[in-house]
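Common to both upcoming complexes is chain A, partnered first by chain B, then by chain C.
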Partner chain A sequence: METRPWFRTMRARALVRLWSIFGEPLWVVVNMGFPVLSSLAFSLLYLSIGAGSYVGFAVLGGVMVSFWGNVLWSMASQFNWDKQEGLFEIYLTSPAPISAILIGMSAGGILATVPSAVIVTVIGWALFHPVVSASWGAVALTFGLTLASLYALGMTLSSLYLVYGREAESMNNVLQEPVSMLSGVYFPSIGQFSPFPFALQVAASLIPLTIGMDALRKSLFFAEGVGAVWLDLVLLAVMAVVFLGISEFSLRALERKGRRDGTIAVRIR
Partner chain B sequence: MMNFRSLFAAAWMGIQHDLAWTTPAASLLLNVVAPFASVMTTSIIYWFGASHGTTGFDPTHLAYILVGATLYAHIAAYAWVPTVAIAEGKNLAVFPHIYLTSRSTAVYLAGRALSSFVISTITSMLALAAAYFVLGVFFHTGIPLIVTPLSLALLAVALLVNIPGALGLGYLLGSYSLYASKFEWSLPGYVAGLLMVFSGALFPPTTLPWPISSAAAALPYTLFISAARDAIIYGHLADYAYSLLFCAVGGLIMLAVCLRIYLAAEKRARRDGVLDRRLA
Partner chain C sequence: MSSANGVSVVAEGLRREFTTKQEPVVALDGVSFQVKEGEVFGVLGPNGAGKTTTIRILSTLLLPTGGSAKVMGFDVSTEPEKVRRVINMASGAEKAGYDFISAKRNLWFFSQLYGLPPDVAEARISELSELLGLTKYLDRKFYALSTGYRQRATIARAFINEPKVVFLDEPTIGLDVMTARSIREFLRSEARRNGRTIMLATHNMAEVDAICDRVAIIDRGKIIASGTPDSLKRSLGAPALVMEVSPPKSFDFLTGVPGVKGFTSATDDERELSTVQVVVESDAAASAAARRVETEGLKVIASWRKEASLEEVFVALVGRGFKEREEQGGD
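Take a look at the complex of A and B:
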């Protein structure tokens, strides 16, 4: 009985997100713009320099950038926007568990990004025919855990962004490109093919997308199975749990502080 | 004279809007991060692909990518400003008030775009310089850029000559923004992505299939990036002058056409009652 409100809240929040996207199919066109075009540009770059065998990296990068964009703009910024619209105070005063709202937002976000990711894949495969040599079980497991840890990071950011006011949008703009670069969305950023010094590779490995991209490339293009990427999978699972815990903790802390300082209902700072 | 005052007032407002949300130094620094990361990503893709592909790594080609990646991001950064000025202005009720004044909103948008041009020029050049040094260290190579007073002056002229074309694009997107109230936020991604593919920023337009390649080669932005490369990589003054001339002509035609489209869209938007509409 105790879990029912939690699941009802999660489903309700996920459905809001799904309706907002699928109720207006043009949103799919909106979301796919940058991932499709950047993946197209980087695929053509690989081709133009005689590295056609790596075109798949650019297509996979486009797919994962769709999700990363969704994490930044529809997870991290969401509570800040909800606060500006007056929704956040309703969340807090209702009996709805905040973790259910966050998980629902993530589940809805993932499902809503799937069409855009599929379109990037189809266009990339149709135009460039990248060579795939996959261990599908490992790909599926890695993909699932990458999304789980990435959206858990989004939950953490959404709680941290509440501390900021309008600066949150600027923070997103600042984060988007550097994280894409460090994570090696379009090229290997960790391991023997990385151009980065070891210390930077270690720092980059703290971002779930870095580990996820590395494992996805290994399992999708080099047929490495679960046995070969198990460490990546463990790391992704640990990151998902840790980020989830941090987001829950920081939201509670911010709620307490907001109550004390009387800033919960302050919409624009 | 009045239009110049309005232009400067709008440009100053743009500077305040873009930089005053924190200290100017911090804001400038944060504005460098994204173009720097974007240039680094593209350059590293080239390094990785060329090192493991059939052509092999060539520092001159890296310079080609470095300059192209910096400049497409620079164009994208200020070409979409009229869009955000309208979208944000409608949301916060600033734009209808600008419309009610005796000056044209086109002057306001030009001022906002010019302020963003100044900021983007500074941040792009800082990003280029930072990437030049960092990539040199990462790849243990010298990147052959010509850095002399003459080459920098030629680059500065090319940056200025590209303004009409980019402003034209801004007006065109602004015409859409007058009517839209949802999807205008996705335009920066589309503008940046389209420039990546069609402006010869990362690969020659001949990589694209015909007739797209011919159309891409004739774009003012492609000619601008080509002129900039002639100025600071190859030192080909004749090619520089040729590209810049056609960039100027194409840019002015684009500005004239797109300004007419914008003014017509504005007139129609007033008739349709959408100038102050916040939600679709």
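Take a look at the complex of A and C:
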């Protein structure tokens, strides 16, 4: 694979995402709204039950739920929208590598979500002063790997959504809240403090956000270093690679099937 | 890169069948043709004739179920990656772009899919925008462009990578006369000046007449005639007979008149008359057709002879016009 065209495609797709989001300031505000409000709600809940020392969990949850929302509504749904608009067939008739487009979408999505994450952090810290006891190296590594595996999951979902077409939006709605709950963005959903039975904890562990949240809580609030969260880091790295592989493979398979069955260009308009 | 023997596109026995719940539908049934380098080649036919299927196969979006096709020497079925490096495509129904970024940024994005270096992309966008009259609108967001300017941007996108072969599906559909003309002039000059091969699927006969060097007329998945627009028109022999007839009626009886190759008719309810256009082999056949109309008890209000167009060529070949063919149901 030639690296320069790959990089140019990736960079261009990332910039399109950023230009689109920041070109419409209302979207930036709307994207911030849900994570800020839900983070505030859970923070107040922690305070009201006398668990103020854990209020940082809710603030961290608000940050990560911003990225999860972006993965669902921008990553996973994007190819389906592109297909409806006739953009997907432009990708396919160009020599652009599909992996560059996917990674560009992810990079743009991550950067576009940063303002929302920063606002949640600033508001949460200003209002609730959560106690932080961090191992910053582990925090940075965990955060990076969590985003990598989350967006790789988004890439896999994007190929699935191509199959399910117009039901994609309903699938987002189905996934958003249950996954937020299962993955424990606002409270521990795995481990000794989890309210869930063991089987459900195992199921929840298949979601990268669950592993990422668990490791982030440990490293950000309990100063646990890389040595303590290594298993989480390995799991996140494996998930990132596996989801990336699945997404590329399934998109290629879908392209072959689409060329065979004539389903690549089924547009709504 | 140059094509083999100056031929850019070759289709041999191209066939495409679609599986439906009812029964298999044959969209293309053994289509063969060659398009030369630098040629504007039209595929003309009514809706459902197989034009879009042809374009989709050649642009690697669809696999043929039979036969083969090559673009610049590369097989569209087995070497799609190589084909994609030398082609581009656009559809008139598409107008694809990211709505919330400017036309210029859209074009830049699409240039990057082909790996164009930044300065080359910038120069190409300026050049194409100038040629297509898009320069003033480049900074407008895509959603804010009118249909005509969105289509100009779509055409610019299809030429952004300096493709050897461009596939266009109804590129001027739904556009006003001036925009359609300006796009046709651009296409013509791209083929003439830069030697690009342009393959155009359309049901617009004026478009084919205006810009195509050669045309293949397609009906129900088969090519029924091909050649230059002039040679096809000349093959008819005699000018068509046009009559305004009252009261409106079915003209099926004309098919029995010797020397009548086919006809199309349209009814004007307001004026209570039909205009029937009869494609004939000879002047004698035209006279016979006019007499036959009168013997049916119809009044010929006016009649005249009309130089052949590609529509008459189609009528002569299948007995009916595009509209009637579409009403009968294409493939």
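Note that the second predicted complex is superposed on the first by the 266 of 269 C-alpha atoms of A that agree within 3 Å, B and C clash if a C-alpha of one lies under 4 Å from a C-alpha of the other, contacts with A are read in each partner's own complex, and residues count from 1 in each chain.
Definition applied: a residue touches a chain if its C-beta (ideal position, glycine included) is under 8 Å from a C-beta of that chain, and two chains touch if they have at least 3 such contacts.
Since we're looking at a predicted model, the values are computed, not measured.
Chemist: Check chain A with both chain B and chain C modelled on it and let me know: fit or clash.
Modeler: Overlaying the two structures gives chain B and chain C room side by side.
Chemist: Given Cα centres, how many degrees, to the nearest 10, is the angle at chain A formed with chain B and chain C?
Modeler: 90
Chemist: Considering only the touch criterion stated at the top, classify A:S180 as touching first (chain B), second (chain C), both, or neither.
Modeler: first
Chemist: For A:R13, using the defined touch cut-off, is the partner it touches chain B, chain C, both, or neither? Pick first, second, both or neither.
Modeler: Only chain C is touched by A:R13; chain B is not.
Chemist: Check whether A:A126 is in contact with chain B, with chain C, with both or with neither, and answer first, second, both or neither.
Modeler: neither
Chemist: Looking at A:L87, would you say it contacts chain B, chain C, both, or neither? Reply first, second, both or neither.
Modeler: second
Chemist: Between chain B (first) and chain C (second), which, if any, makes contact with A:A199: first, second, both or neither?
Modeler: Neither chain B nor chain C is touched by A:A199.
Chemist: Tell me which partner touches more residues of chain A in the superposed arrangement, chain B or chain C.
Modeler: Result: the larger residue contact count on chain A belongs to B.
Chemist: With the two complexes superposed on chain A, say which partner A:G23 touches: chain B (first), chain C (second), both, or neither.
Modeler: Once the two structures are laid over each other on A, A:G23 reaches chain C alone.
Chemist: Of all C-alpha distances between chain B and chain C after superposition, which is the least, in Å?
Modeler: 6
Chemist: Once the two structures are fitted together, what part of chain A is touched by chain B and by chain C alike?
Modeler: Dual-contact residues (chain A): 24.
Chemist: Quick check: in the complex, which residue numbers of chain A touch chain B?
Modeler: 24, 26-27, 29-31, 33-34, 36-38, 40-42, 44-54, 58, 166-167, 170, 173-174, 176-178, 180-181, 185-188, 193, 195-197
Chemist: Within the complex, which stretch of chain B touches chain A?
Modeler: Spelled out, the residues of chain B in touch with chain A are 21-22, 30, 33-35, 37-38, 40-42, 44-50, 52-55, 61, 65, 138-139, 182-183, 185-186, 189-190, 192-194, 196-197, 202-204, 207-208.
Chemist: What part of chain A is in contact with chain C in the complex they form?
Modeler: Going through chain A, the ones touching chain C are 2, 4-5, 8-9, 11-13, 15-16, 19-20, 23-24, 85-87, 89-96, 258-262, 264-265, 267, 269.
Chemist: Where on chain C does chain A make contact in their complex?
Modeler: Residue positions touching the partner: 16, 18-19, 56, 59-63, 80-81, 84-85, 87-89, 91, 93-98, 100-101, 105, 108-110, 112-116, 141, 157, 161.
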